[in-house]
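The next part holds the structures, each set out as structure tokens.
Two complexes come next, and they have one chain in common, chain A, joined by chain B in the first and chain C in the second.
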Partner chain A sequence: MIQAPSVDWFAIAPEVALIVGAFTLLIVAAFAKGHERGLSIVLGGATLLVSGAFAVAAWGDAPVLTMADAFRVDDLTELVRITVALLAALVILLSVGWPRFREHGSEFTALLLLVCAGMGIVAGSTSFVTLFVGLELFSLSLYVLCAFDGKSRASLEAGFKYLVLGTIGSIVLVYGAAFLYGATGSFMYDDIATSLAKSGSGDSIVVLGTALVLVGLLFKVGAMPFHMWVPDVYQGAPTQVTGFMAGATKLVAFVALARILLDALPSQEHLWSPVLIIAAIVTIIGGNIAALIQTNVKRMIAWSSVGAAGYALIGIIVNGEQGLRGLVFYLGAYAFTAMGAFAVIALFERDQARENGHATLDGMRAWGFSRPFAGMAMVVFLLAFAGFPPTAGFIGKFIVSGTAVTNGYAYLAIIGAIGSVIGLGYYLRIILSLYDRSRKTDVGLPAAPGLGAISLVILLCLAVVLFGGILPGVLLDWSGQASAFLAISR
Partner chain B sequence: MTELVWITLVLPLIGVAVLAILGMKLPPRAAGWFASLIMLAAFACAAIATAILATRPAEERQVVQVAWTWLSAGNFSVGLDLWFDELTAVMLLVITGVGFLIHVYSIGYMKDDPQSRRFMAYLNLFVFSMLVLVLSANLVLLLAGWGLVGLSSYLLIGFWHNKPKAIKAAKKAFIMNAIGDVGLALGIFLLFVDLGTVSYTGIFAEAGRLSETQASVACLLLLVGAVAKSAQLPLHTWLPDAMEGPTPISALIHAATMVTAGVYLIARMNPLFIHAPKVLDLIVIIGVVGLIMSGLIAIVQTDIKRIIAFSTMSQIAYMFVGVGLTAYWAGIFHLFTHAFFKALLFLGAGLVIHALNGEQDIRNMGGLRKQLPKIYFCMMIAAFALAGIFPFSGGFSKDAILSAGLNVDTTIGWIAYIGGLLGALLTGIYTFRLIFMVFHRRASPYAERVIPESIKHHGEGPSTMLWPVYILAIGAAFAGLLQIPGLTHVVTSWLEPIAPDGMVEATVGQDWLTTLIGTTIGLIGIGIAYHLYARESTSPELIRNGRGRLIHRALERRLYWDDLYEWSFEKPVQWASSFLNRDVDRTAFRWAPLDGLGQLTAFFGRSFAIIENGIVRMYALVLALGIAGMILFLLVRGA
Partner chain C sequence: MSVTLPFFLALSAILFSIGLVGVLLRRSPLTILLSLEVMLNSVNVTLVAFSRYVGGSDGQVFALIVMGIAAAEVVVGLGLVVAMTRRTMVLDTDELRTLNG
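Moving on, here comes the complex of A and B:
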């Protein structure tokens, strides 16, 4: 007879709340036709609030291992949970005026809640089994979210491509985990690490496993050369989902990457470190160069987000207390910057809904004059992407590059700076387009559906980006507290 | 009490925000009064805070408050830390008090300017920056304030941005100050490297650990910043040009407050400077040479505002002498009285210019004492104070500096004493040359034509411009009574605690002796000015073409400092860049594909696009190749 493992319910309360909330929403919505939107906002918001509150309540507590030690709840897990819940709440706000949300809001929201649950599980997993369960839970739900705008060909295409390529990514990861299991006899990170430390490396099965696991994770973070899905999926997906992917998916994938590399494969650092260095260089330069020639702003920022993954890789390469703190801060700041930028694009698309306008450089000409707040906010977000003070993007890049220099990776900092310079080339193009005087008209725009909610999202993201840039102290402390659990467990 | 200090700091910032957001919706006059009332409130808070500070026993008067930590990394920590003590209190009172009066004056001065609201917002911004500078409790925040005042000074000098000369002057001021900022920043870095801290408390406690060389280098770098901001040799050339800005700016920023920041810095950092005696001597020398030089140049200037500008330079040079002799209290005392009489001179000059429809050349004035009696009276007070005549305020403070030199009784002390007395003679001459040429001589044809019309139109000036002048006149006349040798000693007892290593104080006898000599020399100067400029039988042209005409020419060209900089920095850079552009870039690199760098980048971008063609098969292929490459790479490395 199989003994069920003991469960610390409080530790996994955020995920339980999310899953219960998702199903409750679906059931209630089935009986309350016509109230899709209101129900989704209220129940979805309440669920996220409860889940986030559980995470906040456990913030600072001693780490807990539960579910047969396969799930670890520490401050890093909590930080991911809180950030993801916040970002999901912003997604719901952005969806308020969206026609599809009016019709199918409950399904959209329920899937979103499941994504959050999956992300929480991934963030806390200490075993390849938990990791895979969480990964599939959020990936499968995300595939559907990407394809959610059923009337748009691009959205369906995005969902399909993400599904096909994402499945390949997952398979590769599982295949790698299987090799590692074969070499060590365990799926648990700790056991793998101890076993590898004893047997030493060089075993080709271990090398194969490491390589495949790395590929799977680099695929999820969207680093080159496993980035191919990013531009198409980001461009085609509903814009608020794109914003969520750029922020939350990246954060979670990096946390998983860091936990596996530092907890399970520390003995293989001589293998994965050069791979990450090459990937970081190629990603930073390649992502920014490819963005340079894009004309669609969503696609441009998608490429820029590929480049951003390269910066985050530097944090893992540098490692240690400083590098990991920089990694977490950079990703957190990036999440809100990306969310804000895509919120502005969402507003633009809402404005252009009748002309079915896409957010192209040409289409956005002089739009900044008609929407002064959103336009100025966009300027701030773009400067944050480029790493200008006084934005959180500056502090993030500064810490990552600074620790790279002090730890003997000065060349990575130089590559990062070159990438930022190339990046300015296209960020400034967006700004120039937004404020093209030659197309300035005095005709005001009518209120777009959901304008208030979108503006609120932009304002919140703006506040976070500026707060993190001017008073980074608090956020740096939190990042340090969370990332400490990566460093300690080594 | 600290709450009040906080409010003082935040009020001008609120003013900036409100004027920036609502500015264009408010009527200009309302915006002006709003900004002024903000300043009045700030002054009230500062005054009450100072009063509370005064009730405390001397050893508890130093208040440091950490509001929040902005950045901390390792043992490096910077925050918004406030430092409030006797020195800060004096600076606060001067900045907000004189600031308020000048805000009110500006309402009248800018009333016909369509951009007056922007002006008021900048003024508030300046006051905020200055408050950050003096309230900071660490060098990094001080540097932030230092940079901010530079910025607001730049914005205000170039306020009339369709005036090319104003823009040029603004740029010059900014660049000169940037040199100083770099020096200051390097000094801060060095102190951090040597002492591991940037907070005043830390630096003062640890300063003893520095060797004399370390302390001297750090102090020299700080001095570069101080010299640039205070327009002292050799970074002084921006100040006269800065007079292109509106007159209230000249009064507030380029006379009463910002330019004294260098003196403040040295006085504030006195526990550090005390370990660098050679640098202190250098400060005295810079001061003595500067005060004589600018006094000489002031005698030949013809623009009323530039005369006062050179006089400002020379008076700040006195303050440098004071702090350089470690008579910090005397330097700050002179800073305090100078704020009154120099602001008064500038505002008075502004009224004169106003009455003459914008004329600034003193040769086109004359005989104004009958038409502008109130202004004349106030300007006379300021002139006596500036010339250091007993018992006007400037006399007490300047003599305090000189008698410190007498008291020190070293070579440097005697240089300061003799040089300072020579400066006093020059001060008497140039000040009363201005007074006689503007108010006494027979009226010039221009003044005769313009004045009656102007008087009929708006009297001597609008009341918003006159009242600040009256109030400043009271200060200029009586502020010196705070420190009468042997009788009152408000200033010395108040400022004593800021220098833990003690400061120089002359004996009562030395003080009175200096006052006697100083006043006599000042009166001699006035006599010379009368002889040369007041009588109708002499004319400025005659003097200009007289025996000393070569010296005269040299002084008119400000002793060639500007030319020196032009020929040693500006021109070579221009030559080099035009050479690189014309000869190197256009010919040598014509055949090299340097321009192709951008093209190349875009080419790579397009290559990515070929792979990124939207076909999933292609993506899967790249993915597979990537996996294969990765495995190969790791197997080769791992084996």
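Moving on, here comes the complex of A and C:
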């Protein structure tokens, strides 16, 4: 007779709330035709609020292991839950004036809530089984969200490409997990770690398993040479979904990567550390150089986010308290910077709705004069990407590079600096295009649909980016408190 | 001659390679989805084989979960293919070139 594992319902309340909310929204919307948009905003917002409130309430509590020890609720899990819920709320705000949202808002919002639930599960997983279920829950929902703009070929194409390449990544990851299971007899991270520490790590099955898991995870974080899906998917997806993916997916994928490498495979550090170092160097340089030659702004920022994954990898390579705190802070700051930048692009697309609406460098010429606030905000976000003070991006890069130097990885800090200088090249191209005096016109733009909501999103992101840059103390404390739960065994 | 663990691992490696080559070389989205399924099933073969080898039922349970998720993934994939056909996009991945650069 198999005993059902005991479940701590308070610990998993945020995910339960999100899933219940998603299905309630779908059912209610089926009976209330014509109120699609209002319902989605109210129910979606309320669900995210409840879920976030549960996560905030448990912040700082002692870690809880539940679901047969396969799910761990600690401050890192809570931080991911809160950040993801905030970003999802911003996505709903950005969608308010979107025509597709008026027709299919409930499906869009329900999928978004399921993505959040899946991300929470991934962030807290301590077993490859939980990890895979959460990963697929959020990935499958994201594939649909990417293809959600059914009128656009690019969106469908992005969804399909993401599905194929994302699934390959997941399969490689579970294939590796299967080999680790064969070598150790368990899917649990800590059991794998104890077993590997005892038996030694020379076994070819262990090496193969580690390699496959590593490849699968590098796929998910979008690091080179497994980055090929990132530019296509980011360019084709609806812009608010791109903003969400750039921040939330990256954060969650890195948390999963850190938990697996540090909790399950610490004995294999001699294997994965060199791989990550090479991946980080190639990613930082390659991502930034590829971004230089783009003409589409969405695609350009997609390439720059490939480069950003390289900086985050440095945090894991350096390891230890400092490196991991830098990792969490950098990714959190990056999430809001990316969301803000894509919100500005979303506003541009809304303005250009009658034309093709593609955010190319040429199309954006002198647009900064017509929308002064959004234009100036974009400048701040781009400076944050490049790592200029006084933005959160500067603090993030500063901590990551600083810890790299003090831990004997000075060459990684130098590579990072070179990447930033290359990055400055194309960030300046965007700024010069936005403020091209030769095309300046005095004709103001009419109010775009959902202008107020988009401006609110830009303002909130701007506030986070500047607050994190000028008074980083609080956010640094939170990052440190959360990252302390990584590599608990050391 | 008895069939032992290495045979199953070899079988799964062959299935995995066939699936991967299929995804990379085939042009029809439907065949690509099919190849993804072959890859997922290679994982299942590995899981069940190791489950027998290690003892205990963890691997078999995980294989069932993988099957369930594979089914969900095909549903989403086929949905996207239907949406692409409705948009009268040619079902040939060489033609998926709107996003390129």
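Odds and ends about this structure:
Following the convention adopted for this analysis, the second predicted complex is superposed on the first by the 488 of 490 C-alpha atoms of A that agree within 3 Å, B and C clash if a C-alpha of one lies under 4 Å from a C-alpha of the other, contacts with A are read in each partner's own complex, and residues count from 1 in each chain.
In this section, a residue touches a chain if its C-beta (ideal position, glycine included) is under 8 Å from a C-beta of that chain, and two chains touch if they have at least 3 such contacts.
Note that the structure is a prediction, hence the values are computed from the model and not measured.
Looking at the shared chain after the overlay, A:Thr167 reaches chain C, while chain B stays out of its contact range. After overlaying the two complexes on the shared chain, residue contacts for A:Glu136 are found with chain C alone; chain B is out of touch.
In the superposed model, A:Phe187 makes contact with chain C only, not with chain B. Contacts of A:Tyr330 after superposition: neither chain B nor chain C is touched. In the superposed model, A:Phe254 makes contact with neither chain B nor chain C.
In the superposed model, A:Thr210 makes contact with chain B only, not with chain C.
When both complexes are overlaid on chain A, the residue A:Phe219 reaches chain B alone and has no touch with chain C. Residue contacts after overlaying the shared chain place A:Phe148 against neither chain B nor chain C.
Applying the stated contact rule after C-alpha superposition, one finds that A:Asp232 touches each of chain B and chain C. Applying the stated touch rule to the two superposed structures, the overlap between the chain B and chain C interfaces on chain A comprises residues 160-161, 164, 168, 231-232. Across the interface of their complex, chain A is touched by residues 16, 20, 23, 29, 32, 36, 39-40, 42-43, 46-47, 49-50, 53-56, 58-59, 61-62, 65-66, 69, 72-73, 76-77, 79-81, 83-84, 87, 89, 96, 98-101 of chain C. Looking at the complex, you find that chain B touches chain A at residues 68-72, 601-602, 604-606, 608-609, 611-612, 614, 616, 618-620, 622-623, 625-627, 629-631, 633-635, 637-639.
Of all residues in chain A, only 128-129, 132-133, 136, 140, 143-144, 147, 150, 153-154, 156-161, 163-164, 167-168, 171, 174-175, 178-179, 181-182, 185-187, 231-232, 235-236, 294-296, 299 touch chain C in the complex they form. Listing the residues of chain A that touch chain B in their complex gives 160-161, 164-165, 168-169, 172, 201-202, 204, 206-208, 210-212, 214-215, 219, 225-226, 228-229, 231-232, 270-271, 274-275, 286, 289-293, 422, 425, 470-473.
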